[in-house]
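Below you'll find the structure, written out as structure tokens, and then a few comments.
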């Protein structure tokens, strides 16, 4: 027996598997240059800082090895200096605060407006948007109640409850008014906020949104909430993207990790019943026509989750953007376009 | 050569070895029976009557009845073996290993290795395996795989009277701990057995039948079913080789691989549980060492992953039989690369 | 997400489950420590410090120190589980199952079945497993194959703090006896682990790395050995898919088969002795169910068929390491049929 | 003792006797699968102990368990069906004679890992103690099993943990074919109790009144003080270790003596009539009812449905995958 002894383990300990989002989605979504992977620089098991070099792609496979070497060396050198300059900003961590006795989590970068995420997602869902926008504004990404790092308890799961929690959070961090971006469920919460507290909302961007007066796929929501195994979840997540191949193992694992937390399934079921299915019978006019701030809607043409409102049914104060070859996740699938649209609306509204 | 039952063949082996070597002793619950009673002295001769008559010839100093205390029995036998005796310890049902596992698995099996070769443990544990007696979940298991898993032990699973005698004599003369598994249902099966002593070496499989289409490896009682299945299949023009490994640790892999090299097809039959059992063990060795010769998936024939049920109808459904083997052989013939 | 060691993750889980459900109790030797002594009443928190602090929060009625008496307290856990509690038993070293094997394999595993489903036996047995810290032949074994062999048991071998927390939560909430094996060498491993409770379902393998050339199935710490090997192999252009079954019983055969269908090649890494172990189990399953996918022999990388030596250099030699895994992978990749 | 309790006790003892005597006959004619170990002669032991148990107390039986089950209140018909491996048996045909179990009357299975019940009882008692429901656990342990290490471990644990367990040793003279006087060092199981700091009592197991009186005191103490105790009951079995046992280890005339001088039913009947507690007529009514019951269920069982083969796979896990 080994009274009080510590197992001598350190030699076998390993670094954590790569952050999902960085490797897989960058590979899949952001690598818009067609090419052949000629050098894999990062190995699985390595942790790569955002912006770090994962691999080198070239137009031709037969590119000389030494020229790849030169490129890698130059890139690494450059990257080191950029990372040093940017320093602390890059390492911002999410913050947990108590709001009304409940824990909520948010991540603040830069200075400017706020974003709200969609159901089942968390603040990481804005990973391609928040840093880019933070170059211009103060940006808060936050986890709705029962999502991400926020508390996994709800009373009713209604839009009122979710929106109220957002307002309390904003009070707590000293934000009186802001531009709001909401995706999916986050969109419904944004609409609710804008209706309740319009004076605090400078503009609204809704992305593949619930709560805009059109139905959300019930089979998707039921399947998403019910699936607790990789095999069940995979076909469901594939509905999210125009290109189903974007759904990879790490993405599934991350969603499963979130779903498996105690209380999540019960909370999401409440939210689905109280917030998603309860508002789908309205019309876009009825919902959005009441709002007076600048309002834009971004929708993927291939969205199979949230029904896209017909453009002609939209009230006059709404501008609509439909993106080709994009599904329910425009902020990931076409991050650059979405970022530009947000920036245009925010700048236009402010100037 | 006389025709005797497997029970009698085992009894002969113990008689002969106890005569031959006075260090051989028999220890167990009711191996004689009658101690402390007012009736006969050799009242039981083991619950299956295998050791009947030994106490009459060798006396209670060498045929040692014990209280119901398997851990003490196995500990005592291991200690005696390490210090100059050659005990045969009876573990009435292999299921009872549950109450003496430490002595076999952590002690007897490891003495020689742990003590750097300084200890010799010539111990034979005679025990019974197998279902078919409506003895339900705690007296019907075939746990030979557990012992096979353990380095330091040798494991024997005889399928007939002739092999039983030769293998038991070999086990008694062997210098390592041997787990000798007697299938309950086989005690009454008869065969021709020489009256003289003879030895069958460990690690030499018996090729029971030769045929070029499929190799069937079967253990203990399953050998009989395999032979029966092979006869049925022969009528349909399918020729099987039936291999009885006789000892499963050590295992005569060469004979099995050689056969699969010829037939290209393998069916493994075992009455033990399917997970991490002998059927998997043999199948995996062939998948590694005879892969190039395989023409079809290896088929395992085992009971399901359930405890042994009591009810006759359920127990019959549980135990693999010749029909299951025929089906497996036909399935492997139907499949192909 | 906070960084936690494997040890802390387990401690957290026990605290949370005991807070959540008053029926959850802990039983084991020195899980508090100091009982009956003059000094600290939470002297040890288990010999490896995993249960430290629990007695302070939950008191001696729910954190029960025991005499050194595995058979008694394991049996007691079975009885308590059948009578409405949900005991978590600390067996300390999995090797000690040998002195309470009957309680685990003949009672806990079978009661639900034998009694026709009348009583469930919701108990979790935590035990440490594996070699690497010179605890020699009787305190270093990896016995997941022995447990997986028995129908009625579920067997979990977590590979990291995150996995340990989710799987232990599932184990405690599960209505069957679960063997939860904690690899000694992983206790100090750190990882992000949510503060909240979460369950990881049994029977769902984790794919740690995707690759099209070879499938590697590994359990426990061997997953990290395989990962290390695969990084080196990737530099040579060989891409491995690494599958951690998480639970060896139930086994996610589907994920393994799907992967082999892609890669056509399989290497299994298992720290146990080679006979009738988990590697043979997976190999035989694929040789039967996925034969048509195979382009090369299945290779098993295991410990040798010996007890575990003490001397650190011999012990290193005993355990599978990345070099052995790489060699096996290169063999199957280079196989010419 | 109240009259109703006496009638119940008599009915149970009579039922066990007739159930087992008929089983002896049926086994010989080959209708019973597997092994049976008969309880004839020991009826007063289990019935005496159970006369002092309350509804939430648990009894843990052994392989010689038909009498244990019936004494605890298990339905004779469903017990018989189980022994015959029929679908309607208590455990659906998974248990058989040696593992019969009935949670509805808090009878925890007969167990053929001898001695294991002693340890399991500790957990049953622990659960009762944790819930403060005032229940007691009573494992029945053969005197042969008493020499298993686990029984001694369980006695120690029960004492250290202060559990309401009454260890009842049924000393029926023989562990299989070995005499108990030889196999038990010191000769007396009750004497082992002192070493574990608990009271130990031995009584004649053929005397229902002696058994129930001793059991009453020990069970009551266990319940009130949450402490273990030992009760040793001495009464030789009338039949062999299992049916088919030639019993050559017994002395000449031993069973005849037991049947004429040590029959718990005769002793009970003589006493209740002599003391005017019950009448012959009252006993005769019970005899007749039991005779009819046994005849009926043995008739019925032979025609009863067998379990569906699919049941082979049921109940391996409580939460299957």
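Order of writing sets the labels: A, B, C and D. Residues in every chain begin at 1.
The working rule: a residue touches a chain if its C-beta (ideal position, glycine included) is under 8 Å from a C-beta of that chain, and two chains touch if they have at least 3 such contacts.
These numbers come from a predicted model, not from an experiment.
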Please indicate the chain closest to the centre of the assembly, with centres calculated from CA atoms only. C
Sort out for me whether A-C or B-D is joined by the greater number of C-beta contact pairs. B-D
Distance between chain centroids, defined by C-alpha means - chain A, chain D (Å): 66
Chain A and chain C, separation of their C-alpha mean positions in angstrom: 35
Would you mind pulling out the distance in Å between where the CA atoms of chain A average out and where those of chain B do? 62
Residues of chain C touching at least two other chains: 71, 102-103, 106, 113-114, 151-152
Mark out which residues of chain B touch at least two other chains, giving numbers and ranges. 95-96, 98-99, 136-138, 304-307, 309-310
Touching pairs among all chains present in the structure: A-C, B-C, B-D, C-D
For a test of understanding, state which residues of chain D touch chain C in their complex under the given definition. 58, 89-95, 99, 101-103, 108-109, 111, 113, 116, 118-128, 130-131, 137, 149-150, 153-154, 156-157, 160-161, 314-319, 321
Residues on chain C engaged by chain B in the complex (per definition of touch): 71, 95, 97-99, 101-106, 109-110, 113-114, 136-138, 145-146, 148-152, 249, 251, 272-273, 275-281, 283-289, 291-292, 294, 296-300, 304-307, 309, 337
Please output the residues of chain B touching chain D within their complex, sorted ascending. 29-30, 33-40, 43-44, 47, 65, 67-72, 95-96, 98-99, 133-139, 304-307, 309-314, 317-318
Touching residues of chain C toward chain D in the complex: what are they? 25, 61-62, 64, 66-67, 69, 71-85, 87, 102-103, 106-107, 111-122, 151-152, 154, 174-176, 202-203, 250
Looking at the complex, which residues from chain B come into contact with chain C? 95-99, 101-102, 105-106, 109-110, 113-114, 136-138, 145-146, 148-152, 249, 251, 272-273, 275-281, 283-289, 291-292, 294, 296-300, 304-307, 309-310, 335, 337
